[in-house]
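Both complexes below contain chain A, partnered by chain B and then by chain C.
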Partner chain A sequence: MTVLQNTLYVTTSEAYLRLEGETVCVMIEDQKRLQVPLHHLSAFVLFDHVMLSPALLGRCAEDGRSVVWLNRSGKFSARLEGPVSGNILLRQAQFRAAEDGAQTLRIARAVVAGKLRNSRQVLMRGARETDDGDEKEALVRTAKLIANQVRKIPLAEDLDTLRGLEGDAARLYFEALPKVMKPQARAEFPFDCRNRRPPRDRFNALISFLYALVLSDCRAALETVGLDPQLGFLHAVRPGRPALALDLLEEFRAPLADRLALTLINRGQLQAGDFDEREGGAVLLNDKGRKTVIAAYQTRKQEEITHPVLKQTLPVGLLPHWQARLLARYLRQDVAHYVPYLYR
Partner chain B sequence: MSRPTDALLQIPLSSLNQYAYCPRRCYLIHAEGEFKDNVHTVSGTLEHERVDQSESRGQVGIRIEYALSVWSDSLGLSGRCDVVEFHPDGTIYPVEYKHGKRKQWDNDDLQLAAQALCLEEMTGKPVIRGAIFHQQSKRRREVLITEALKQAVREAVPRIRTLLNGAIRPPPLQGADTKRCGECSLRDICEPELAGADPTLSALAKSLFEPEEDLP
Partner chain C sequence: MLILVSYDVSTESAAGRRRLRRVAKVCLNYGQRVQKSVFECKVNLAQMEILKAELLDEIDEEEDSLRIYRISEPLDKNLMEFGKFKAVDFEDTLIV
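This part shows the complex of A and B:
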């Protein structure tokens, strides 16, 4: 059984990480601030300018540890690549499926169904928890509308139609989502639609950052399994775009990112002071806010759930990994279907 | 797909052992290149351990070859023997080293018999006996290379060749055989627990576009 190991997130710019025996030392301004055994870590996520010693880089490449650099808002900037891992026969099967229109559509439909069903689940949970009758009704209404979109998925005969269904459902979802927020938090987190590049309100800044964290985990999961994260099915190939990682991200957006964002806001763990507003209206999490979000995400990853297919309990953090494995299985024709993770 | 000239003509000796243990494991290792815990490290370790462990030590005139390359052109087999003893009376005696204790299945015996067949073809002399040395118990178990064992090798080799040249992964072990999965180093890659997942996946796939109406 795969074990969930820790990811070391380093948010301090100019930090220097070096290998000392079998441990990693985090040096900040020539002072040792942290020392962790290497065997407890499976990945490094480094924000901004964080340096690794050549010895540590070499060791990570050798052991297949994922090392990813993100910019301050969580946007991907670089990663370490060791020897090409995984099985060429699997990648060959992935490339063949991507060339096959019917196969591509089948997988893309499953991806969209996963995304829509899971976002619907977030709204229904909000409906169960609210005391306001009107808002409950509005949430239920949107959940029904999204269910209708899900039912149309098998009828979508091409990717554009499918993306249209997805877009319509996403708009409905984000319009309803503020109602899942506690009324007292809404003044600090006003939002009415999804925006990005850059995000223009606190909620959008928060979910953008969380999507970046989950995407990084999806990408690492695909690479570990031996799939090529750049060749997707719903997401078209574009240089530098991790299309398959974005496909995998879809089913996890609502349960891993949106739900966590709402919890952090509803519990008052994040406030306006955790964000910086830039000249012109862009909004970003600041250092303090980022640390809170990362810590909450790490905790969430340790929570145990029962996987509907594996029928065993596993930590939430391994969900991307297991879904990547199920996808690999499907592509190798070991199983007849790819089924996304369905959040309950 | 692979051209005929690319087909694997010579199969590795160790694949016999894997195949007898589990055809899927054999495929994962030899066709897909998935390998954890390398067999080739064994010959290295042997260099250090041979002084203490060889039961033939002290017997005069026995020449011992370590990590000896052997092959059979007629069967299409090649590989290495951990140890082959050449006795003064002309006896050739292969010894296969295994990390663990003796297991319940005779995959080791099959591999030893295949080594014997190679040695017979190479030297023209009969190989009557060999041994499996279990490093954990430091015990040698002698194996009689019977005609039945040789026949089992001759029958397994073409089946393994077909398997390794094909593009189909055999399914994981089923029924009582699944107890072998517990000690298999490829368990993570193989995922035998997913062997029974198909009905669940089919049921979920069928209702994937029919979200439940479990509204409050």
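This part shows the complex of A and C:
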């Protein structure tokens, strides 16, 4: 049984992490700020310029602890890679599936179905919670349109058609999403379409950052299970792109990232002051905002849910691990289908 | 589970002072110092056995004493904290 261990986030630049016995010490300006026994940690997420001592790097590589560096806005910049491990037979199965058009399409369909189904759930939940009759109706209407797209998925004969369905549904979804936001928050979080590189409004900045956090968890989950995070099915292979991690991310975008973003906004936990505007119209979370978001994400990961396929309770933070395992089971032909995580 | 490790190590001799340092070091690998000779460690049963064995290797049972308490859940009911020191919950969100 996998145990959900903690992740240490270091957002203070110029911090230095070193190994001391079986513990990691976070040093800031030569002062020991925090000392944590390694047995509590399975991952480090480091922002900007955070250094690790060679001894700590070596230890993490050896134990398979994930170490990821992100830039201020949460964009991936580097990660630590230890010796290639895991099950070569599983990776071979993964490569064979990627060569096989029919199997690739089957996995890609499951990925898109999971994504659309879960984004539809977020809209339906918004519809249940709103008091405004017109908006409720609009949300239900969009949810129905997305359901129609889901029905077309089995008919998609190739990846391009499938990506077309996904794109159309995503556009509908993001058009409707502002209606899930409380009316009083909408002035602070104006949002009409998804944009990135760089995000041009606060909501986009927020969800981009959350996607980066979930993606790094997906990637770590795939590596733990022994799959190659770079070889995807829906996402084409490109140098440096974690295509399979992006595939896995799809089913979690709406329930883990978008829903959390909306909750933070609706509860007033995030406000305009938590974001900075940069030259050229880019908007980014600032230090305070970033800490609020990380804390909320960590809390969410501790929450327990009942997995619809496994019928057992597990913390939200282990969802990527279990989905990666289900994918591995499918690739090894232990089960007939890959079933994405379905959010209720 | 949360355990409380407390010890008295005789510091009369150089060997005793050395034992004191080494006992503290072992405890730090599993938890955090909450008072001078008191540590709180969140461990599972296996880790607790290893910790116990490592501590017994360090102390001199003729001279020193070691006590390990297990604190039962729920911790917010069974553990009270006063004064200037606030322990870090290693299972809570860790952001520096």
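Keep in mind that, in the parts below, the second predicted complex is superposed on the first by the 344 of 344 C-alpha atoms of A that agree within 3 Å, B and C clash if a C-alpha of one lies under 4 Å from a C-alpha of the other, contacts with A are read in each partner's own complex, and residues count from 1 in each chain.
We take it that a contact is a pair of C-beta atoms (placed from the backbone, for glycine too) under 8 Å apart; a residue touches a chain by one contact, two chains touch by 3 or more.
Given the structure is predicted, the values throughout are model-derived calculations rather than measurements.
Trainee: Judging by the criteria at the top, classify the pair chain B and chain C on chain A as clash or fit.
Mentor: In the superposition, chain B and chain C stay clear of each other.
Trainee: Quick check on the superposed pair: does A:P190 touch chain B, chain C, both, or neither? Answer first, second, both or neither.
Mentor: Neither chain B nor chain C is touched by A:P190.
Trainee: With both complexes superposed on chain A, which partner does A:L8 reach: first (chain B), second (chain C), both or neither?
Mentor: second
Trainee: Identify the partner contact of A:G101: answer first if only chain B is touched, second if only chain C is, both if each is, neither if none is.
Mentor: After superposing on A, A:G101 lies clear of both chain B and chain C.
Trainee: Specify the angle subtended at the CA centre of chain A by the CA centres of chain B and chain C, expressed in degrees to the nearest 10.
Mentor: Roughly 60 degrees separate the directions to chain B and chain C.
Trainee: Based on the superposed arrangement, let me know which partner A:A147 touches: chain B (first), chain C (second), both, or neither?
Mentor: Only chain B; A:A147 stays clear of chain C.
Trainee: Return first, second, both or neither, reflecting whether A:G273 touches chain B, chain C, both chains, or no partner chain.
Mentor: The answer is neither, since A:G273 touches no partner chain.
Trainee: State whether chain B or chain C is in contact with more residues of chain A in the superposed arrangement.
Mentor: If we count touched residues of chain A for both partners, the winner is B.
Trainee: Minimum CA distance, chain B versus chain C, superposed model, integer angstrom?
Mentor: Comparing every C-alpha of chain B with every C-alpha of chain C, the smallest gap is 14 Å.
Trainee: Residues on chain A in contact with chain B in one complex and with chain C in the other?
Mentor: Common interface on chain A, chain B vs chain C: nothing in common.
Trainee: For chain C, which residues count as touching chain A in their complex?
Mentor: On the chain C side, the touching residues are 25, 28-32, 41-43, 47, 88, 90-96.
Trainee: Mind pulling up the chain B residues that touch chain A in the complex?
Mentor: 31-34, 167, 169, 188, 191, 193-194, 197-198, 200-202, 204-205, 208-211, 213-216
Trainee: For chain A, which residues are in contact with chain B within the complex?
Mentor: So the residues of chain A in touch with chain B come to 1-2, 87, 89, 109-110, 113, 117, 120, 124, 127-128, 136, 140, 143-144, 147, 150-151, 153-154, 308-312, 325-326, 329, 332, 334-337, 339-340, 342.
Trainee: Would you tell me which residues of chain A are touching chain C in their complex?
Mentor: Within the complex, chain A contacts chain C at residues 6-12, 15, 20-23, 26, 28, 33-37, 39-41, 291, 294-295, 298-299.
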